[in-house]
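Each remark here refers to the structure printed beneath this line.
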Amino acid sequence: MILFLEQGLNGLQFGLMLFLLAAGLTLVFGIMDMINLAHGSLYMIGAYLAALILGSTGSFLLAVAGSLAGTAVLGMLLEISVLRRLYSRDHLSQVLATFALLLIANESMRILFGSQALTLNPPAVLSGPVELAPGFFYPAYRLLIIGVGLAVALLLYLLVSRTRIGMLVRAGASNREMALAMGVNVRALFTAVFGFGAALCALAGAMLGPLLAVEVGMGEGILILAFVVIVIGGIGSIRGALAGAVIVGVVDTLGRTLLPMSLRTVLPPTVAGNLGPSLASILIYVLMAAVLFWRPQGLFPARG
Amino acid sequence: MGVQLDHPLHAAVALPLLAALIVFPFVVLAIDEPFYVVLASRILIFALVATSLNLLVGFGGMVSFGHAAFLGAGAYVVAILMQHGVASAWIAWPAAVAVAALAALAIGAVCLRTRGVYFIMITLAFAQMVYFVFVSLKAYGGDDGLSLASRSVVAPGIDLNSDTLFYYVVLAFASTGFFLFARLVNSRFGRVLQGIRENETRMEALGYAVHRYKLGAFVLAGATAGLGGALLVNQNELASPGTLSWTQSGMLLTMVILGGVGYLWGGVMGAAALLLMEELLAAYTIHWQLGLGLVLLAVVLFAPNGLATLARAAGPGGRDG
Amino acid sequence: MHRHMIRLALTLTFPLALTLALALPGAARVHAAERIRIGFLSTLSGPSAALGLDIRDGFALAMQQNGGKLGGLPAELVLGDDQQNADTGKQLVERLLKKERVDLVTGIVFTNVMLAVAPAVFEAQTFLISANSTPLQYSGEGCNPFFFSTSWQNDAVHEAAGRFASDKGYDRLVLIAPNYPAGKDAMNGFKRFFKGAVIDEIYTRLGQLDYAAELAQVRAAKPKAVYIFLPGGMGVNFIKQYHAAGLNRSTVLVGPGFSADEDVIKAVGEPMIGMFNTAQWAHDLDNAQNRRFVADFRRQYGRTPTMYASQGYDAALLIDGAVREVKGRIEDKAALRRALEAANFESVRGEFRFNVNHVPIQHYYLRQVVKGADGTLTNRLVSTVLAAHGDAYATACRMR
Amino acid sequence: MAELLRLRGLIKRFGGLVATDGVDLTVQEGEVHALIGPNGAGKTTLVHLISGALRGNAGSVFFAGEELTHAPVHERVRRGLVRSYQVTSIFTRLSALDNALLAVQAAAGSSMRFWTPVRTERAFTRDARALLMRVGLLDRAEVVAGTLAHGEQRKLEVALALAARPRLLLLDEPLAGLGPEESLHMVELIGGLAGEVTIVLVEHDMDAVFKLAHRISVLVSGRIVATGAPDEIRSDARVRQAYLGDELGSAA
């Protein structure tokens, strides 16, 4: 039972971090109809910025704040300089141009910070476990991540459902032409949305840096997962991104434990040992293909 | 901006190029640089694979982000058969093509129900599935990949382990494949594909069974990539998950756009340009991918039709083609 | 139209012309007889780059102490970064062998790269001095005259760990390794010498960095000890997360030497204290060569060497001794092979001799991470676990 | 005259909205049957249902005695049930001739042929030029379709539909957006076709409808409220009511 509880929390923690990436990605995708493979690079850059600031100031809070601000500015510069030219282009051009940005970002980080992974440590107070229930320890830092993730999800919900900017964003995601027609300042709106998405990436990068490692290429695996999330959730939908992220997080985490365990009860151990991990690793892709096949618009489509 | 449906293969271009490729090993061996035979084989293999992807992306309008799956499937079939003692190219290579074609048939049947962005995403998802399946197959090397004991056996006296001989085998496949491709795009089938790229709904209303033609192209391209995989695994003597990774799919797309989407020579030019650029830049810096990224970005932003068009644009009376 | 086609033809022959342009400067290159070129193919970037860099630094230190020479010949290192990727490794080794024409290949860290590149090196009749990966494929039936290892057979440190865990009475144990062949081999090595019950074997993705799911599984299994085979960054993250999850309060963590080496200690910090690990070498091993190596390494690079560094250092010394013995005539492969087999050099691990499969027969030690007198964390040699230990595969080797 | 197309109880819902609500319609071989109705009556939905672009929730489609309710678009086209589009759907980046060539090729049997270049199939070029001539676009054959004038594009649209050698041609607002003179040309073109092929004409231009149609069906709120000869329709009270008098009155 504790195993399920702990794995559920792990899945939630993973899912919420995925959500931070998926939220920005889905907005850019939904509003600007833009596939951005370089989204994961912003996550990487955010993590490197956090590592840099943490290394020079020693303050975790400062690192997170600085990385957020820095990456947001960078993201907006990127939007103004390059991405803006791609909105009207076909998806193939977008894929390749942002693939190019991804290569450029990777090599730039390698030149600036070297090839070796940087390992950060969480603030000392959070480095140990918390006893949630008698005998049930859970890492304090992961709890913090869950808290931050939930807070951002709530904030986003309020922002999108209660503010004028949010209304514009929603309108844009469900009907781009309408948003263009409202066109007070669509260009500025796009830039702002992009900067905001970049900041969310940086938050994920800064939060996960101490838990994982800060390294070149760290954004790619999580980028693919974020794509899976938004396709499952429905492109352009924040609600879909949250649901999709938690589904992917929980399915992936539970699948890794439960699939090999349950296979062992029905199959010989060698077969189960081979099959289990492979099934677990493709589980979310099967899920995504199934969603695309039966509900191509995703679980929570933004467009009517 | 108009588009031509005819893509003539000029003998005045193709034959001298073929002749140059035939004498190429003599030249580099004469100056004692056998490494370039290996490099040229690699370029030819990728030219074939990129051309097959160009058939999908450039001629059929299907932006597949999972073409590496078929490349890798072909490679793994040869390696797995070799592990089970089947070294004959006569069995292993057709098997690689057949498995890749069947995989393309199954994956295509599902993916082609979707369009646009969703097609890009679902092909990516399937490629990731194939990738993770092979990564977790410990019996076939898992993350390590699967080494070949030697190159495939063709016939007594023909030893593919000779890089030069292998080059000629690759050249034979690549040039034949390219010739067939050139026939294909100008045939009725090729016209239909291009029509689908231009206006799929209209093609359906004209009475074309659009899905069938798209699936046909998907299977052909997958099978060709499978052949490329069979050649590549012989070249590398290794089938590795890297061949299946999504960045490999990205690199194949990069070749196509560098060379020219929807141009006869696009795949060939793109493969040559990318691999030579890698060779050239890698000699100067380990950060060669920075250069690649900048070039790719520049091409997408400023020369969206790729290298193949530069030649035409330069020509007097240059036309769209 | 005609001119237009000529232009197209020119464009198409451009790649060919470029290739020739690339090739020509190489053609002018003169093959110097009086020097030795070492192809150093290693993992120099990515999460496990520290491993390759340590081997490189160890190797380079030995060369430097020798005045830039190996066996009296001016030596040149041709570096290649395989990025822990077998494909990349294979392409690089083609270049090293056929373009750079190196005389020896060394530096390979990971078994996936080793398995991909070794056949090409053997085929080119070039000696491959492994400073780390020593897979069973080249230890038993598939042993090869061109393969030499200055490290340990892939299973051996795990065998030592298995013996140690048995001796300690850790009778309920969970094993964790990446889901790839070397992971399976390592676990088999451990189990070969472990007499207690393995209650669970968990296989993770290679390169995985988040172990939350696996840690929950360990917690649920309630073992006495956990043995990990997680090289490079994987181990660093596992150990950090293991402590963050509070598992250290109930369960003992045991690892191979490289999971508790100086680089890992530096990255993880305090939670490492007390961790037992097994290795064929320790920086406080008491012999003259080792004292010189450790002191010079610290002076040169400002850090304590790891076992990888020691293996790289020994690889250079092995080459140095053998080339000296053949008086620089490295083209005489038979003589060079005999000289390598003789292993006439002072190893940092003390006595050094090759088994029939060109893998060392050596002692394996227990080490423990402690806080030194100056407050820094470091490994301390505790005892010898396996003395003059060969490996499980050598008997199957019929060296040609 | 034999019955060519019969719709029985066709229902199509979009969510809660009922677009066609049990449409029954019979089209006789050889007639020009116009389909009129106010905006939002469900005309376009009905065209999609007949052509196969949409599948109904209930009801059936019979064509030349065969049930085609579940047949995909291309099979209906093969049997001679062909449509044109309200919003011009041509290959805008291709020349007019290439447009016609693709249409001609579609009617020439399977295109699963991989070897012979289409360029060398002389019959295709001949038929394609004949097709362009028929709609009066032969002198514009080499022009990129997207750069043709709007009226010419509409003609090309009709040409594409004609290439399939239709038994029944479903024309979805062929006059939409045309100027008076272009309209006149188009009405002439359709009138010329009327002898050779059965036509279902969906059109807002009542002048054209009453000029061309043999029979007219009126669609209101997803139902056929009346079918009859032009004169009967003009005098039908329900139709007048549905159209609020204006349009029909002025046409009459």
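Chains: A, B, C and D, in written order; residue numbering restarts at 1 for each.
The rule is short, and it goes like this: contacts are C-beta pairs under 8 Å (C-beta built on N, C-alpha and C of every residue); 3 or more make two chains touch, one makes a residue touch a chain.
What you are looking at is a predicted structure, and each value in this text was computed from that prediction instead of being measured.
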Most distant chain from subunit C by Cα centroid:
D
So which chain ends up closest to the centre of the protein, judged by Cα positions averaged per chain?
B
Separation of subunit B from subunit C, taking each centre as the mean of its C-alpha atoms, in whole Å:
36
Could you give the separation in Å between the centres of subunit A and subunit D, each centre being the mean of its C-alpha atoms?
49
Give, as an integer number of Å, the spacing between the C-alpha centres of subunit D and subunit C.
74
Return the distance between the CA-based centres of subunit A and subunit B, expressed in whole Å.
32
Give the residues of subunit A that touch two or more other chains, as numbers and ranges in rising order.
110, 277, 281
Return the residues of subunit D touching two or more other chains; collapse runs of consecutive numbers into ranges.
none
Which residues does subunit C have that touch at least 2 chains other than itself?
45, 81, 179, 205
Connecting every touching chain pair, does the picture come out as line, ring, star, complete or other?
other
Let me know each pair of chains that touch one another.
A-B, A-C, B-C, B-D
Spell out the residues on subunit B that touch subunit A in their complex, using ranges where they run on.
57, 63, 65, 110, 113-114, 116-118, 120-122, 124-126, 128-129, 132-133, 135-139, 246-247, 250, 253-254, 257, 261, 287, 289-290, 292-294, 296-297, 300-301, 304
In the complex, subunit D residues that touch subunit B
51, 53, 72-75, 77-78, 82-83, 85, 89-95, 98, 101-103, 105-107, 111-119, 121, 144, 160-161, 163-164
Note which residues of subunit A are touching subunit B in the complex, please.
29, 33, 35, 37, 82, 85-86, 89, 91-93, 95-97, 99-104, 106-108, 110-111, 220, 224, 227-228, 231, 235, 274, 277-278, 281-282, 285-286, 288-289, 292-293, 296
Which subunit C residues qualify as touching subunit A in the complex?
44-47, 49-50, 53, 81, 179, 201, 203, 205, 209-210, 212-214, 216-217, 219-220, 233, 236-237, 240-241, 243-247, 249, 267-269
For the complex, which residues does subunit A have touching subunit C?
2-3, 6-7, 10, 13-14, 110, 115-117, 119, 121-122, 127-129, 137-142, 211-213, 215-217, 253, 256-257, 273, 277, 281
